[in-house]
């Protein structure tokens, strides 16, 4: 790892990870709709074809299921495929190959062959993405034996974890929240990887444990800043990997704080956050000082109209309120202090739509 | 009669074009906050279909659905309001540009997932056959959609059951920025495969409204004569970017020359010039048509803008039908 | 509802429900692989084609995804399709149509149209079904807004709930555990329906709440019988519907017992049982007398060899032990008293393989 | 040379048949506790393929995979042990009859999900092309699998990328108990659609081992000559029930006459009688072959039965590769 750090975006970090990994290993191939087009999947696949040639980097037919099976087959014969989809929703076409082939191959053939494929899925939100361009179905993947599921937040983690995902001998689902692509952060140059399955403490505190993932970490950090001013300190754990989950980090934190709030970017019922509440309630029961809490998306398809998504997402203010409620304090000013940004349906000024 | 048809085709194409152009003008203001796929350059097929079938016949479409909705006779105000996310929208703001519906004219819906509405359209026809309603189901899709497995599965079932389905493939050479040759074998025609699958097949210049009309008309007749499901491949071209309202010939996935060639082949100018030349229509008439459409469009946009947004609480209603 | 009760199997009850519903409503159609073949999907579709004709009852091509979309379309144009798959695993091919079309149609088109389709999925277990013929992925469906998900246990409930599912205006996933098909029970004759979304108390007790579903209810009832002899009484709630879940029934019970054990036929992590533990821990925290508990399938693909499935499934003895542990009593005799049946990989003598 | 080939084909077919027959005899004892799909009647194609390609070439197969595994040269002991669920099985008991693998001879796996192994086979070929290993990927599937969308998606990609794939469709007229005509349009051939999709195509009597061999041989040559992916449709028939080991002509989904007609067309007797008639082989030789195979089978079953079951703890190992 080089020490020379620079501020780059999450999207550029993804791009660097692919460049570095393809340079390091000739067997890595990269394909998906739009991978070689002028928009380069939000710039994440920029210059790959130029650098590594059109045999290793290519566009594909709109055939999500077969192209996943093709990744499986290619991986069985020596390649390391990285496939990209511009929305998770499109990948629902490929559940047969992901679940019946990729996730089980190693187990069901007696550990003789492994399936080192990585599937990048982009999670939509806001700006009229609507019901079928906004689904955050990580809970499905986290339920499946044989899959690893990665959901980074920072550019640095994104780069290191994408490298690790590509080189991992197992099928990895790598989830990129669209609202993170333009977030900037310090990222080491050159090739490096970060361990899959390790959560990260992004803030230390003693009052409440906040377990979070992906874009929710951004909101959590806003919330924690506000809470600090109130004298409340939170232990914030960014999961990074949601299968396998780093339970030790969570349990150790809860054993100190005695309080847990789990955040999720997906539908509430059956969410990964729910699994976290369940495990903490079972494994840390005696440490809990108050009822555990969860904040996730409403159990509704995401509507398209901006009027309908107002107040629809979990925001810093909701997190603050949930934390304050656990501590039995007054939260009447929170919504005033932390109003929903206007416009509420974009991650920042950089986002000009439509995707 | 023929004159009337020509005029109707021209008018309907102009209506589609002018609506899309108005959307393109207004879109940059950021009030239509949803992904929007325009059909400028592709007006002939939706217009021809709309004039060929009755409102009891059904249509299903895709992400690029405005033109099909208007062609089938969908309510303009409701469509524009939907794109603006208003409660008066055809989907009450829940769906946006990619989820248009007007059941009153048989426009049964659109899907934002490539290939997804094809089997749904076949299902409509299955019900039509079993319930003996004599409706035809018309399924619009692009060249890219024929790469999805569900397309083949749908075609196979339609042929096995001899369902009243008209498959309308608008081949505009691109799927997003991907040209055909990275997705389908060079030299293989979509219609050839369709024919081998067992569909009755035609191929036609999708920028020629009259030819498109004739092709659809005869396909509809074949369906009504129990000759089984039919397929038409229309060659056409979108002028603007895939999603959004700008020209994008500069970004490098297609050439300016290609675009100009297709622009010359504009379905609207071609028909208009022909009718003018043959004196079947006058400049004055055209101006009248334009004025009328402009008025409608103004009304529709005013309606949309003035309509109220849905109550926030509406977001939490409608998970289930009761 | 007629009063004349008779003992019939779960499979016959399913068959009756379809017969009655098709007779009551001309718009109901029934299709799926094998629906008209001599085996009639384990006898559940017997005589339907003979009775209702081959327009309404038919076999289909092996095209799970399109055939689901076709059901959606048919339902939009006046029919009420009932589709059957011999294993849930095959239906993974149809997630696009189930999730992106069926589950969202009503919502995303502003409540104008509904999609009254029912998908019967059979859940495999044992006898070498192996990794891809045994998946109990109800947690996926229970996570999805817009779907209803039904998992009955008894023949009586199966018949009433299948009728309700077919006639419900929404897409319903109806899950039949293969080990229940030959279980017998009293079933009313004639047409009747039972409410979707209502759980059922199958046993009243005060010490521990056991929340269960489908085949796990059978094991739970064995366990409860044993526990009764030890003087432990359990409140057993058979969920019947897992989306929407009847939370009131669960919470009311836990408020009395203060102890909860949730059972599931699916993989442990991310299970419906986990969601139940999470909700109970959040909503009944102050009532809990000890840590909540969950028993579900190992987080592993189901292996094929009978040697490998020995002790793999949750059995009555496991349930008994979990309950006794909550009460802090001795459970050393349980595995002796309640050994795994031999052979362990079939539901009973009636099962001769291979499916 | 030709004699040798004939003899090899006959021997390999007999080997497949006799293994399946022994499974059928032992299965009712309930010690092979997994769904099992036999290929009795369908021995010619797997034998021909196995003799046409080298062990560096790869094969993917389906639920009905025993014959393909044996044809490709898979280890017999490991297969039988797998069906018995033993730790010495080719998948260590994790997979059973429907999950056979022998990487040492290029038998890359099978799938219990219809159509599922087709794209996987195409992926093998993609790697072969990119890594320039010169391997061919041979994909076995049934008539039913051609109804799955993933089949078309796979074919399309193989043609676009000109991959070294040989698609082998064993059309045995049934998918479980469903005859072709409830699943595919009457009169439409699977090979016709394959050809329209862009594959090189042949059609052959899949019960004629020599013809099957020739067809495969020439398809392999075309692949090696860079003529792109190839497809062969073999007509054939399974004698026993879909899953399990019994005759089931009595249950009503097919007629005894149909079965008898196909039984007369037995690939093994046909070749054997021909060779006997032409005096290219003697009854004595055949007895020797039988004795040799019987010995192997005895050994394999003994090995399987004597092998130990996997430790129970093995069930919890292998979720991930390390």
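By letter and in written order, the chains are A, B, C and D; residue numbering begins at 1 in each of them.
Note that a contact is a pair of C-beta atoms (placed from the backbone, for glycine too) under 8 Å apart; a residue touches a chain by one contact, two chains touch by 3 or more.
This is a predicted model, so every value here is computed, not measured.
Chains making contact with chain A as well as with chain B: C, D.
Centroid to centroid, with C-alpha atoms defining each point, chain C and chain D lie 36 Å apart.
In terms of their C-alpha centroids, the spacing between chain A and chain C amounts to 31 Å. Centre-to-centre, using mean CA coordinates, chain B is 42 Å away from chain C. For chain D, residues that reach two or more other chains under the stated contact definition are 89, 91, 93-95, 99, 111, 113, 147-150, 153, 156, 160, 182-184, 318-319. For chain A, residues that reach two or more other chains under the stated contact definition are 60-61, 63, 65-66, 89, 93, 96, 100, 107-108, 130-132, 145-146, 299-301, 303-304. If you draw each protein chain as a dot and join the dots that touch, every dot ends up joined to every other dot. The touching residues of chain C, when paired with chain D in their complex, are 33-34, 36-39, 58-66, 89-90, 93, 127-133, 298-301, 303-312, 343, 345, 353-355. By the touch rule above, chain D contacts chain A in their complex via residues 58, 60, 89-95, 99, 101, 103, 108-109, 111, 113, 116-128, 130-131, 133, 135, 137, 149-150, 153-154, 156-157, 160, 317-322.
Against chain C, the residues of chain D that register as touching in their complex are 30, 33-36, 85-86, 89, 91, 93-99, 111-115, 144-145, 147-150, 175-178, 182-184, 243-244, 251-253, 309-310, 312, 314-316, 318-319. Taken in their complex, chain C has these residues touching chain B: 27, 29, 55-56, 60-61, 63, 65-79, 81, 96-97, 100-101, 105-116, 145-146, 148, 169-170.
Of all residues in chain A, only 65, 89, 92-93, 95-96, 99-100, 103-104, 107-108, 130-132, 135, 137, 139-140, 142-146, 243, 245, 266-267, 269-272, 274-275, 277-279, 281-283, 285-286, 288, 290-294, 299-301, 303-304 touch chain C in the complex they form.
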